[in-house]
Structure formats: structure tokens, C-alpha cells
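What follows is a set of structures for review.
Paired with chain B in one complex and with chain C in the other, chain A is shared by the two complexes that follow.
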Partner chain A sequence: MTTGLCAYAITRDHSFDAGGTPDPDVHLIAHVGLGLVVAEVDLAPFTELGTEASHWSDEPAEDDPLVVLARRHDAVVRAVFRDRPVLPLRFGTIVRDRDAAVRLLADRHAPASACLDRVEGHREWSVRARRVEATEPENLPADGLSGTEYLAMRRQRLAKTLGARRRGAEVAEALHEALSKHATESAPRGRRAPDLLIDAAYLVPEDQESVFHAEAGRLGEEPGVTMVVTGPWPPYSFTRLELPAKAAADA
Partner chain B sequence: MDNGSSSLADVLERVLDKGVVIVGDIGVSLVDIELLTLRIRLFIASAQTAREMGMDWWTNDPFFAPHAAGQDNRIASGQHQRKELEQQNAELRGRIEELERVLGERAPALEKGARP
Partner chain C sequence: MPEEYAITSGTDGLVDLLDRVVHRGAVLNGDLIISLAGIDLIRLDLRLLLVGIDGVLT
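And now, the complex of A and B:
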């Protein structure tokens, strides 16, 4: 069995309790105030991931090997996040041994510390707002219409659709602006659909959370808008960065 | 919201596609995430809702329904343009040949003229 250290997150050095994690083997490797959350794992499940072509057409189920590992990753990150600032590492970060773990922290000490400072006291909330679709029948009743009447009706429908999209963009901007007032940062999540007004993550200071939620609730009651808020998440969407070793030279 | 009720797509998207990436360290390796991420993107696109990704919005839009006809028009006009370009090209080649021929004829005369 080939083993390695699976690294889940960077956090501050503290007396770490593995009790809250799904794996009693999870522990902290510390270096000058920083800690790398790791567990010794069998590497086979990682290297075998995604190699079976049959998987590609299936939806992953909860017992899919990838889903099991990804859920474990998330659970460990969350366990640390409960009482410490955390930088979640990208899934599948494998460190050769303890020395490599210490070097990882030492070489990136300055940027990792700065990033922890940035997210400390914050939680990520995800907001998805949609324009409620008008419940009009989409099929045009073409029977008994002259060609001109049919085209006129099509033109009318198009104008209506375009108008709704333009209004949607205005509403989205207003919603986003209102939510951003109570967030330190925001990150768009990149999905596109004409009825999707907002799909973004917000990094919200904990003392602003109640205001943020009140605002989201108020906006969700606006006519023509439905809103789904999920969270709290560890700051996954705000730590999407690369930490190269050469940063040590700049530090 | 506890871990169990987090939507699978939301968790996968974050765990596989976000977070800190450690680069340039020989002691650290990453599982081939490209493939996994691609697989998850496919999953999110196909299974969760294609609608959410904006992949099928046009299928319900009456204006875009006569999609095929529009495409035919584009192809037709593309072919037309190509024909025009070919014609132009042939014409220009002809003119270049003509110019070269004329220049060839005049070159000896010019040389003579250059040495009085």
C-alpha cells in the first residue's frame, strides 16, 4: 500500500482536536504559527479516480468513490473551520511526508498568513436569485391566424422577452449592490441562464451576518424574484489562488 | 445547514474547483484534477439542471425555435461570400501577371536608360 499525507487545509497553529473530523487520523503539522491539516492516506483510491469510462456518463451517487473522498475533504475542512480561520486546499493535494509538509508551510508563510488574516472572522454564503418565469404558454396558437398576425404576435413576444431580460439585468445589479454592502468580498459563480439574476458567493463578516440575511430575505420577497441562500461555507470561493514556493523569496 | 444536506453539486464544485492550489513543490503532488473537474462539470451540466447552466434556454424561446432555418441562411451567405472572394482572387492574380509581364518587357529598357 502506497501512502502519503493528504493535505486538507492551512490554518493557524492550535491544539487540534481530530474528534470533530470523520477521520481520527487527521492531525496538524505546525510551523511558525501556521498549521497544515493532514491525514496519512492510502493513495490508491486517489489514483484510481475517474479512470473508469463508465463513470463519465453517470451522475455521481453518494457512494461514488470521488463523492466519498470529496465529502470527506469538505467534512475535514468544516471541522477546522468551526473555530479557526481556514484556507481549504484543492482536493487531492498530496504531500510526500512530514518534511514536505513543513517546507510547504515555510515556503508560503507570508502569503498564507495574509490570506488567513483576510478570511478570519468571515463565512461564505452563496446566493442564487432567479426571476420568476411568467406562466404563459410557450406554444403559439398559430391556428386561424394570418401570416401577418402570426408574425406580429411573434414580434410582440420577442419584445416582451427582451424587455424582461433587460429588467432582469437591472434587478440583478440592484440585488448584488444591496448584498455587497454587508460583505467584504464577492465572487460570481459563473453560471449563466436568462432567469438567473445572481449566482454569487459572498464573504460575510460574522458580525454582519444577521444584516446580510435580513437584506437577502427582504430582497427575496420582492415580486418576481426567488432567492436561495446556502451556507455557511468555509471560504472556498475566496481562496481560489495558487501559492507557489517562490513566494518565500519575496517574503 | 449541515454537511449532509449540502447539495452534492455545490460541494463538488467547491472542493474540486476552488481552494488553494500548491504549485511548484516537488514534495507535493496533485491528483489529476483536470479530469475530475471535467467529469463534475459534465455532471452538473447534465444532471443537476441544464436549465441552470443556461444550456437550453433557447429551446423554449419561440423566437429561436426556427433555429435550423437561420443556420441554413448563414451557410448560404457564407458560400456566397466565398465565391465572391474566389472571383476577386482570380481577378487580382490576373492583374499581377499582367503587371509582371509589362515590367519584364520594360526592364531592359530601364537598364539601358540608367546608364547614359
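And now, the complex of A and C:
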């Protein structure tokens, strides 16, 4: 069995209890106030994951091997996140050994500490707002229309579509502005769909959560808007860690 | 805390989980990290899937 040291998150050094995690082997490797949350894992489930595009042609399901591993990763991160600030690491971060783990913390000590300070006392919430179109008959028959009438109809529809898009952009901006008032930071997710008004993560201070949700609830009641909020998440979307200059120069 | 918002199940929650765990989170590079080629491929494919799923959820 090929094993590796799977790194889940960076946190502050503390007396870590693996009791809340899905794996009793999860432990902390500490270095000058920081801790790397790791566990010795069998690498086979990672290397055996289906990587074919066809594997992902359907929606993901709970019993999918990748989802199972992702849930496990999330469970470990959350166990630490319950009472400490965390910097979640990307899924599948495998370090060579204990010495490598310590070096990794030493190399990134300053940016990692700064990042932990920034996310402390915050939780991440995902907000997805979509526009709901009022349904109306769109397929008017073109038969019986003169060329001029047909062109006029086409122009009218185009103007309507453009108008809706512009209104959509205005609504999106207003929604985002209202939610941002109660968040320290936000991160757009970069997905695009014509009806998607907002698809973003918000880093919300814990004492602002009830106002944030009241606001999201109120905005979700607006006509023509549906809102899906998921969370709370550990701050996955707010953990930018720069590669240290030395390592970058070595590469 | 508003527990009624603690939704991480369902398709929206699953998409958010994969998006966060597999695509977000701090990336550590360099010689200290063992690269798993398969995981890198999955990241590419999954990105396309998650973009596509938006249409499904609508």
C-alpha cells in the first residue's frame, strides 16, 4: 500500500483532538505557532479516481468516489474550523513527509499567519441568485406576417432581451451591494449563465450572520428573483496564499 | 446561528462542496508536494462539469 501524508488545512498550533474528525490518525504538525493538519492516507483511492470526462457527464452523486473523498476532506477541515481559524488546503495536497510539512509551514509562515488573522471569526456563505422570467408565449407564428412586420417583431424581441439583460445587471449589482454591507470580503465564482444574477461566496463575520441572512431572505422575496444560500463553509474561497519568493525562484 | 441555512446537501450543496474542496482552498506548490496527476485532470474536467450544471439546476 502506497501511503502519503495528506495535508488538509493550516491552523494555529493548539492541542488538537482528532475525536471530531472522521480519521483517528488526523494530527497536527506544529511549527512556531502554526499547525498543519495531516493524516497518513492510502493513496490508492486518489490515484484510482475516474479522470475521464465522460465520468462527469451526469450530476455528481453522494456515492461517487470523488464526492466521498471530498466530504472526508471537508469533514476534517470542519472539525478544526469548529473552534479555530483555518486555511483549508486544496483537495489532494500530499506532502512527502514530516520534514516536508515543517518546511512548508516555515516557508509560508508570514502569509499563512496573516491569512488566519484575516479569516478568524468569519464563516463563508455561498449565495446564488437567479432571475425567474415571467413566462409568456414567445413562439408567435411568423406565418402571415409581411416582411416589414416580421422584422419589426424581431427588433421588438431583441430590444426586450437586451432590456432584460440590462435590468438583470442592475438587479445583480444592487443585490451584491446589499449583501456586501454585511461581509468582510466577497469572491465571485466565475460561472456564467444568462439567468445567474449572483454566484458568489461571502466572508461574513459571525456577529453579522443574522443580519446577512435577514438581508438575503428579504432579497430572495423580491419578485423575479430566487436565492439559494448554502453554508456555513470554512473559508475555502478566501485562502489566497502566495508562493514564497524563494520557492518561486528555485522552480 | 441560523441553522435553517445550513444546507450542504442536495445538488446545490454538492456542487458547492466540489467547487470549494476541489477548486478552492490554498494551493501549495513546490518540491515538498507529491503531485497526483489524476487529481489535476479531475480539476480540469470538474470545472467544465460545474459550469455545465448551472443549466441543469435552473
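Worth a mention:
Keep this in mind: the second predicted complex is superposed on the first by the 227 of 251 C-alpha atoms of A that agree within 3 Å, B and C clash if a C-alpha of one lies under 4 Å from a C-alpha of the other, contacts with A are read in each partner's own complex, and residues count from 1 in each chain.
Simple rule for what comes next: a residue touches a chain if its C-beta (ideal position, glycine included) is under 8 Å from a C-beta of that chain, and two chains touch if they have at least 3 such contacts.
Computed from a prediction, not measured in an experiment: that's the story for all the values here.
After superposition onto chain A, the partners chain B and chain C occupy overlapping space and clash. By the touch criterion defined above, A:A75 reaches chain B but does not reach chain C. In the superposition on chain A, contact is made by A:I10 with both chain B and chain C. Legend: residue contacts after superposition of the two complexes on their common chain; A:H213 is shown touching chain C, with no touch to chain B. Residue contacts after overlaying the shared chain place A:V37 against neither chain B nor chain C. Contact with chain B, but none with chain C, is seen for A:R154 once the two complexes are overlaid on the shared chain.
Residue contacts after overlaying the shared chain place A:M227 against neither chain B nor chain C.
Of the two partner chains placed by superposition, only chain C is touched by A:W125; chain B is not. Residues 4, 7, 10, 46-47, 49, 55-56, 59-60, 62, 66-67, 70-71, 73-74, 87-96, 100, 103-104, 107-108, 115, 126, 189, 191-193, 195-196, 230-233, 236-237, 239-241, 243 of chain A lie at the contact with chain B in one complex and at the contact with chain C in the other. Looking at the complex, you find that chain A touches chain B at residues 4, 7, 10, 46-47, 49-50, 55-56, 59-60, 62, 66-67, 70-71, 73-75, 78, 87-97, 99-100, 103-104, 107-108, 112, 115, 126, 138, 140, 154, 157-158, 161, 189, 191-196, 230-233, 236-237, 239-246.
Those residues of chain B whose C-beta lies close enough to touch chain A in the complex are 1, 3, 6-8, 10-25, 27-33, 35-36, 39-40, 42-43, 46-47, 51-54, 57, 60-63. The part of chain A that touches chain C in the complex is made up of residues 4, 7, 10, 43, 46-49, 51-53, 55-57, 59-62, 66-67, 70-71, 73-74, 87-96, 100-101, 103-104, 107-108, 115, 125-126, 128, 130, 189, 191-193, 195-196, 199, 206, 209-210, 213, 228-233, 236-237, 239-241, 243, 247, 250-251. Put simply, chain C touches chain A in their complex at residues 1-2, 5-8, 11-34, 36, 38-39, 41-42, 45-46, 48-51, 53-56, 58.
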